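Report on one structure; see the data block that follows.
We just call them A, B, C and D in the order they show up, numbering each chain from 1.
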Amino acid sequence: MQLGIVGLGRMGGNIARRLMREGHHTVVHDRNGPAIDTLVAEGAKGANDLAALVQQLDKPRAVWVMLPAGEPTEQTIAQLADLLEPDDVIIDGGNTFYKDDIRRAQHLAERQLHYVDVGTSGGVWGLERGYCMMIGGEQAIFERLEPLFATLAPGEGDIPRTRGRSGPSERAEKGYIHAGPPGAGHYVKMVHNGIEYGLMQAYAEGFDILKTKASESLPVDQRFDLNLTEIAEVWRRGSVVTSWLLDLTADALVADPQLGSYSGSVSDSGEGRWTIDAAVEQAVPVPVLSSALFARFRSRQQQGTYGDKLLSAMRFGFGGHVEKSE
Amino acid sequence: MQLGIVGLGRMGGNIARRLMREGHHTVVHDRNGPAIDTLVAEGAKGANDLAALVQQLDKPRAVWVMLPAGEPTEQTIAQLADLLEPDDVIIDGGNTFYKDDIRRAQHLAERQLHYVDVGTSGGVWGLERGYCMMIGGEQAIFERLEPLFATLAPGEGDIPRTRGRSGPSERAEKGYIHAGPPGAGHYVKMVHNGIEYGLMQAYAEGFDILKTKASESLPVDQRFDLNLTEIAEVWRRGSVVTSWLLDLTADALVADPQLGSYSGSVSDSGEGRWTIDAAVEQAVPVPVLSSALFARFRSRQQQGTYGDKLLSAMRFGFGGHVEKSE
Amino acid sequence: MQLGIVGLGRMGGNIARRLMREGHHTVVHDRNGPAIDTLVAEGAKGANDLAALVQQLDKPRAVWVMLPAGEPTEQTIAQLADLLEPDDVIIDGGNTFYKDDIRRAQHLAERQLHYVDVGTSGGVWGLERGYCMMIGGEQAIFERLEPLFATLAPGEGDIPRTRGRSGPSERAEKGYIHAGPPGAGHYVKMVHNGIEYGLMQAYAEGFDILKTKASESLPVDQRFDLNLTEIAEVWRRGSVVTSWLLDLTADALVADPQLGSYSGSVSDSGEGRWTIDAAVEQAVPVPVLSSALFARFRSRQQQGTYGDKLLSAMRFGFGGHVEKSE
Amino acid sequence: MQLGIVGLGRMGGNIARRLMREGHHTVVHDRNGPAIDTLVAEGAKGANDLAALVQQLDKPRAVWVMLPAGEPTEQTIAQLADLLEPDDVIIDGGNTFYKDDIRRAQHLAERQLHYVDVGTSGGVWGLERGYCMMIGGEQAIFERLEPLFATLAPGEGDIPRTRGRSGPSERAEKGYIHAGPPGAGHYVKMVHNGIEYGLMQAYAEGFDILKTKASESLPVDQRFDLNLTEIAEVWRRGSVVTSWLLDLTADALVADPQLGSYSGSVSDSGEGRWTIDAAVEQAVPVPVLSSALFARFRSRQQQGTYGDKLLSAMRFGFGGHVEKSE
């Protein structure tokens, strides 16, 4: 098949590569010229602007926008909408808020354009491992584009089949699903990231306990001289907490058990926040997912917060307690 | 009545003063001589050691130990136990873990000594406002000592009576209760402090939101130039969040709206921790009380935690994300 | 002064009453005729529709809308906007989301109408105690309406003055503040409610621990036969956790220590949810405020949640654990 | 090697089997006679009581106690201590609190007996997959027993090697580690379980959000008809949240997407609680791990809690709010 791709960063570029490897054709654009050149050297057709990109695609066209969520994606889709023709498809592969997907799909539908949202996990490993994709959009359009998704997805690989499944592999077993109408793809991806935050924080807290127990500031008779690198490794072997995130933890600890190259200032992205907003909107208690997000917020405030200062002020007020430095 | 008091810090000294004001007699000891002299000048009898203190008391004796919880209290009680005689009473007015009370009471009972645990709130304000007391011990011993408790307590004051109460005031309305057998006093005080942590953190988070909304780092059109001092004050006037802790917040914000004299490193004491342990033991979910304790733990780690570094390491592992400084 | 009031429920009706007591004039409307009649009998002028209400007011007019947030308020304000004339003021006294205030104020400004948002705490007690008010709007309009606010507010009363304050009382000390531009009033009220949830949950958890410790299902030697009614009462007397919410707790426990008339299904309102959304938007960690909201969500799910079932399914999967009934 | 095994439940029996498959010799005892017979039929030597078991073992002996933590284990170890001779080893393979391990090891050392604690993950799957083991004890004794551990462990299997590791496999890569002195094995296992709770709750909350979004109680235009079975499956394929727990989730959802055979009453075990106690003792903030534990506590209270009732009582008190049934 043929696909237009706008945005040739790490994700967009590798999507083009993985498609071309399997014989698909791509027409690519990026506002950064050399990024286009690189892909052209690998077999893509280049386009210096969106109009040129649209012109080089056969109808009905499909254009994959792989840009940062928010303004860059919003503006590009608006421009494409003016250039495309009825029955063409715009695919948003970024980290868009699902309510924006719904709004866009409705606007584009008025022009007889189709909108597909693709939530993708597996980021930098996608070229090698394939992309895990959760896709929102009309059923017919999803099916029209399915050869692309099938190529981008990891496929069955050597992952043991889920107990109780039989017969030919379903899409999910190949690594992509049609999650529902526009917005559903990014909705599922959003919750995926919410879970991801929770999983990561669970490991972080556990290793923090282990690290503290090994701390030289503890009296010798209360201390265990634990080897965190070995603990992460052994848990990869038949324990209940086995996971890819644990594998990455084991990698990091082999490289440096002190994790000395990190300051511990942890960013968060839209999905983690939107997951909490969605849970609040749906009245679902999410103490773990919210705690994980808040831990990241807190990690970026290396100074005492105003709230913490207020605690100290109250303690001074009722008990005359003076802050200790620890 | 007559009372021996061991430990003449802020609490012990003021307990002696409040008792003497109302005509009670005290025999006082502290390992710091001048502290004894000060009280003697105010009418107390001084004792240079525990033996002298015991000797000056009429039988059956009552000795109030007002020392830091843990070793200082433990040792003093052990020494007193050797000096006292059957039917004498040891009162622990400190912040002792209630299981230690139970253990001690059992040991002392073998020697026919009585043990009373008094949980006290209102610390530095006690001389002026009176002490709110939660008392554990045998019923008969509690009643024997009740004249002391009645003097130390705030009394009815001008606090509006609770709806539905009638007839003569009960003990609780005067500011002290017999909570139950030995340990029950400190148990109730422990939970009191757990609640206190939760209340404080609720205000801290709320004021943190307000402060952040007024932050100059926000775009002008998203900012409200809120006056936190006025907000604290107005909430004291008929709002649902009216409380003594809010009064103290209002005091602190009048003194300095930036709370600039505080670093935000917040200590915690045994009770806050034991409350969580008790909840875990009793299988009671306490997300708010535990969150409040953890916020204090976190406030003291001004550097990135190991757990936070691990989050960054995982993010680098799966997404190539590099830490940003914020 | 003169004020139009739309919505004569408990809040709207009592606002009219408190104003009239002090000599203000009101023109009142409600879609429920008898509610109008009642107020007319107490001295108000009645209006059968919004047009009649507007007609009976002198320019520049002020109309206080006291209706449920959302559609009822939105529609009424839209209708009033069509009836009012330049320099008139619409006051929203309900529980509106502050971003809706900002939007409305901008729309109304295009018609030279003013918008004032009043966050009110103290609900059903307002007639007696006065209303604690946080007010957003233009400075000049706030001042124009100030005689109304001053009447509705509690006034200084006999609340001890905040330490460090001197000179004549400021507005906040009388129970109302000008919090900032449109939206600021409801923003501050929103955070107030967020704090309120946190405070309430702190007490709830603490009393849950006490209740569980007194449970007959515990072995006798681990149980304390605690009297929660007395504990709530004694904490009102000089303890650190003294508050109006504790007073209400004491009321409730005198009436029925088992709280047997309640099922424990706890509602939440917009403000509690918006506080979390605001904190997430502003990157402020709010573990206590969010835990309090989630506890309410959970309280309404008397059946096992899907998430809980999934936990059981996983436990069965890795350990063969079968659910126990407890 | 030769090993005595006491306790032939699922774990103990399969440990015997896995050892015998590789040529080790076992002497087995259980208070349930037929359990002994079964193992004898598979090649073990049977012992009708502890004395007989000790008698059949060559010196220095090693006896693996595989019983429920607490009294059963405690008593058995006490009895064995009386039967064994200097240099013999007692292995506790159960879920013992690590401070109990430390205490026991000290007591046994006075009799020149050795104590080894083995934390084991992978429970019911151990016979097939091998046991992931975290082992505490003296270095020399660990090494003496290492042939047993090496047999019980999973071995390298086909798990990809951790990046940065080279040379011959280390113990951790084969699925067992010497974590440290007595108690260290169970300490690491305890934290493992704490993490496990956090991971599980992260998935539970995420799937709860997804489930709620698909709820028929939502208005159609806010609903996504999500297929949770397919979502769990696709996340197994290259996503960041890939894990064994997700595999088990996928299994369960294939069997019944409604999870209808579960009530959602979720048990917890000692380790999950002790992890929180340890974190509190070590002043490590663990909002996720504690939230996960509290969610289990709450899952077992199908009726409204006392705390929830108190919330309703307060709401009635300040706002006249009456509980709604939902």
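Quick note on the criterion: a residue touches a chain if its C-beta (ideal position, glycine included) is under 8 Å from a C-beta of that chain, and two chains touch if they have at least 3 such contacts.
Because the structure is a prediction, the values reported are computed rather than measured.
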Interface residue identity across copies chain A, chain B - same or different by half: same
Farthest chain relative to chain C (centres taken as mean CA coordinates): D
Chain A-chain C separation of Cα centroids, rounded to whole Å: 39
Chain A and chain B: spacing of chain centres that average the CA atoms, whole Å: 47
Centroid distance [mean C-alpha coordinates] between chain C and chain B, Å: 31
Multi-partner residues of chain A (each touching 2 or more other chains): 122-123, 125, 201, 203, 205, 208, 212, 240, 244-245, 251, 283-287, 291, 294-295, 298, 300, 318
Complex contact set, residues of chain C against chain A: 240, 268, 273, 276-277, 280-281, 283-287, 290-291, 293-295, 297-298, 300, 318
Residues of chain B defined as touching chain C within the complex: 121-123, 125-126, 129-134, 153-154, 157, 159-160, 162-165, 170-177, 179-181, 183-184, 187-188, 191-192, 194-199, 201-203, 205-206, 208-210, 212-213, 224-227, 229-231, 233-247, 250-251, 254-255, 275, 278-279, 282-289, 291-292, 294-295
In the complex, chain D residues that touch chain C: 10, 122-125, 200-201, 203-205, 207-208, 211-212, 244-245, 248-249, 251-252, 259, 262-267, 287, 291, 295-296, 298-300, 302-321, 323-326
